[in-house]
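Following this line, the structures themselves.
There are two complexes below, and they share subunit A, which is joined by subunit B in the first and by subunit C in the second.
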Partner chain A sequence: MISIKSLYYHYPKSSMVLNDISANFERGNIYGLFGKNGEGKSTLLKIMSGLLYAKSGEYTVDHKSGLHRNARTLQRLFLVPEDFELSAVTIATYQKINGRFYPNFSKKQFYDLIAEFKLAPQHHIARLSFGQKKKVLIAFGIATNTPILLMDEPTNGLDIPSKSQFRKIMASIADENKCIIISTHQVRDLHSLINHILVLDEAKVVFDASLAKVSTEFWFGKPKSTEDSIIYTEAGFGGKSILPRGNKEETEVDLELLFSAVLTQNTVINTILKTNDHD
Partner chain B sequence: MDFDNSKPIYLQIVDFFYENILVRRWQDEERIPSVREVAVMVEVNPNTAIRAFNHLQELEVIYNKRGIGYFVSKDGYAKVLDIKRNEFKEQTLPDVFKQMRLLDVTFEEVKNLYDQHEKE
Partner chain C sequence: MTKGFDIHRVINHIKRDVVLVKSTIGTTLLVSAGLLFMLCVLAQLWDKKLDSDEFMGAFSLIYFISGSVLSFSFFREAHHAKANSLYFTLPISSFERISAVWLATAVLHTFVFSIMGILVGCMSIFFGSLFFGADFTLSALFSMGYWQAVAVYLTIQPVSLFGALTFKSNRIGKTLLFIVLTVLGFALFNIMTYGLLNYGYDVFDGGPLRNQAMEKTESDLSILGKSLFVIISGPILLIVTYFKLVEREV
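Our next item is the complex of A and B:
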């Protein structure tokens, strides 16, 4: 559905933030976009939503270029940004002004979510806390019913019960027609929702695989004896490791461990994924 | 739902189904929550929930009535009982035996503790 080819970007007088990025995103998935701070996750989402222009490269949505801020592409996607300024209006006014840009916007869904987040239409956005403003945006983004939903650190600023609420809402809206991309550091918050991960490091895509593939090829846990095939191990007490799965039972993917392993043992991991790629 | 971080989430959902069936919360031939409802309940990607449903369908613990939903099989309870008994014998007990050897706990001691427990 979304195709990105050889995308380059740098801010004025800075080094490359996105250096030859290529990736595909399909419907029916929830992608986790990971990377250390300043590795271009937000920049990529901004380019995809028309907030920044790529220096060069291709970006298409359903085979139509998305690089030129055309209305057709923009009404098919919504970005919940990490930092934002919302107009000093009530939630109801915000909906009236912005809802019309999205052909499948559902007013009912929006106000249901607003109520679920313990907010009300007459609430003045300027007087809400950061977390509450974020909830307004999340509710709005979901109610746009765009086929593409981009979220930059959506759980930042949400309290613990709201995070669980957020996961429930995401589980209820994810379907085969929607492509959801979530950038996050809060791996634990979203681990059960994500089914495909993409890691950006040093301005490159260093890892791009479905969790189904990862759990077919790798085993996560504490190895019984000193096995020599350990790919990556966490220092300290516990010592959780990643091993090639071989004939071992399937284990749940430990995203934090995988992320650390990708940053240090990238070649080994990608070689294993590639050699066993028969699809 | 709190996930154990070593067992695949879909199998943890399967266990959640087993428990509901074993305690008779979900009776044989009774309709169970939909894929979507389960995904929301346990806060997972619907694809993960589907995998759990498929697994249970292959084991014939549940079945799908097209357009209506999923139901516990006619002999769902008996099937789950069988699966969990095997799991107990093949996985749980060997672990207990290993611990007994390691801690030098005799079978007699275990038997006494068991009898005592049953009396309470």
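Our next item is the complex of A and C:
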């Protein structure tokens, strides 16, 4: 669905933010785009939504170039930016003036989600908190029914109950026709939601694997024997470690631990994934 | 299949912009109507009638200024640091977007302002005849001067669009500065060209020969000069604005 090949980007008078990025994003998946602050997650989403133009490389959506803003690509995706401001109108007016640009926009779905978020169509957006505005935008983005949904730090600004509500809603809208890419540095917020992980570090993709693959290849937990070949361990996680799974029972993937491990041991982790790919 | 140019998207964008800047439109129209009414009434105070030159003078001035104010308000979202990402990810091509903004600020504004101008003109004539016995001359509102005013507005309006998209802050001031510098540049170019072409004919001595040469130059080149001005300030600036919109990164 989305193909990125050898993408390069840097801001004026700055070093490379995206350096030879290649990745594929397919329908039916929820991707977690992880990385430390300033590692190019937002930049990549901006390039994918036509807000920034890559210096070189290829970016296609359904085999057609999406490198420059065009109505065709923009009708296929919706971006929920990290920081944004909505027009100072009522929620109903916002839906009316913007919804008509999206061919599959569902008014019913939008108002159902608005109600679920405890908001009402007559609420004036200018008088809402940032978290509430984010809920309006998330509801709008979902109701556009675009096959691609890009979300940049969607849980920033949401309170704890709203984060769980967000996960529930996202899980309910995910289907085999949708490709959802969620960028965040708050890995824990996306627990149980994503099924594929992509990690950016030092302007490069250092990890790109499905959660199923991670679960098959790695074991997460407190090793009983000191002879186990620990890939990564962190005292802060109660001694939890990552090990090659071998013949051990399958464990739940600890995203936070995996993320930390990828940042320090990405060569070891990728070697294990690649080796077993060939088996 | 997504069409290359879709008139529905253009119409949707016009509707969207009109809703978002409706308070600016309302205020501009109200202020314009008030000013036009006052100027028309004042014009009737002296000679007890409103002639077409007086009406068109006031109409043109307010029509140009209000059009420029509206043009600047239409690209406000493109400069808003937090709103522009949603603005630029709306599924509409840059060509459709510039078409929508131009249609709204040039064509729609002309249509609405003309209707408002005629209504305000009628009201002022009625007011004048009622309160100080001015002639009831509605014909003053309809003259060829109207079409000249529309032609001039459509020619200079892209300058406002260019300024509105190009400059991020102090947009009106910087656009005025741009106009002043362009006019000065033109004037300098004309003087230099005139001097270079006529240097050997002693045309700088201030004598009758100079006046004759100036008149001849003016009659020979005025159409060319006007056409050049119209092309530069109109379509070319509109095309430049379009490319600025295409290249804009957020």
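What we mean here is this: the second predicted complex is superposed on the first by the 274 of 279 C-alpha atoms of A that agree within 3 Å, B and C clash if a C-alpha of one lies under 4 Å from a C-alpha of the other, contacts with A are read in each partner's own complex, and residues count from 1 in each chain.
Simple rule for what comes next: contacts are C-beta pairs under 8 Å (C-beta built on N, C-alpha and C of every residue); 3 or more make two chains touch, one makes a residue touch a chain.
Just so it is clear, the model here is predicted, and its values are computed rather than measured.
By the touch criterion defined above, A:30 reaches subunit B but does not reach subunit C.
Once the two complexes are overlaid on the shared chain, A:215 sits against subunit B while remaining clear of subunit C.
Of the two partners subunit B and subunit C, more residues of subunit A are touched by C. When the two structures are aligned on the shared chain, A:130 is found in touch with neither subunit B nor subunit C. Touch criterion met: A:172 reaches subunit B, while subunit C stays clear of it. Of the two partner chains placed around the shared chain by superposition, subunit B is the only one that A:195 touches, whereas subunit C remains out of contact. Using the contact criterion defined above for the overlaid structures, shared-chain residue A:68 touches subunit C, although it does not reach subunit B.
Judged by the touch definition given at the top, the superposed model places A:46 against subunit C, while subunit B stays out of reach.
Touching subunit A in their complex are the following residues of subunit B: 3-9, 11, 36, 39-40, 42-48.
The residues of subunit C lying in touch with subunit A in their complex are 2, 6, 9, 12, 15-16, 19-20, 77, 80, 82-83, 85-86, 88-94, 96, 246, 249-250. Subunit A meets subunit C in the complex at residues 46, 49-53, 68-72, 74-75, 77-79, 81, 83-87, 89, 93, 96-98, 100-102, 137. Looking at the complex, you find that subunit A touches subunit B at residues 28-30, 164, 167-168, 171-172, 174-175, 192-195, 215, 220-221, 250-252, 254.
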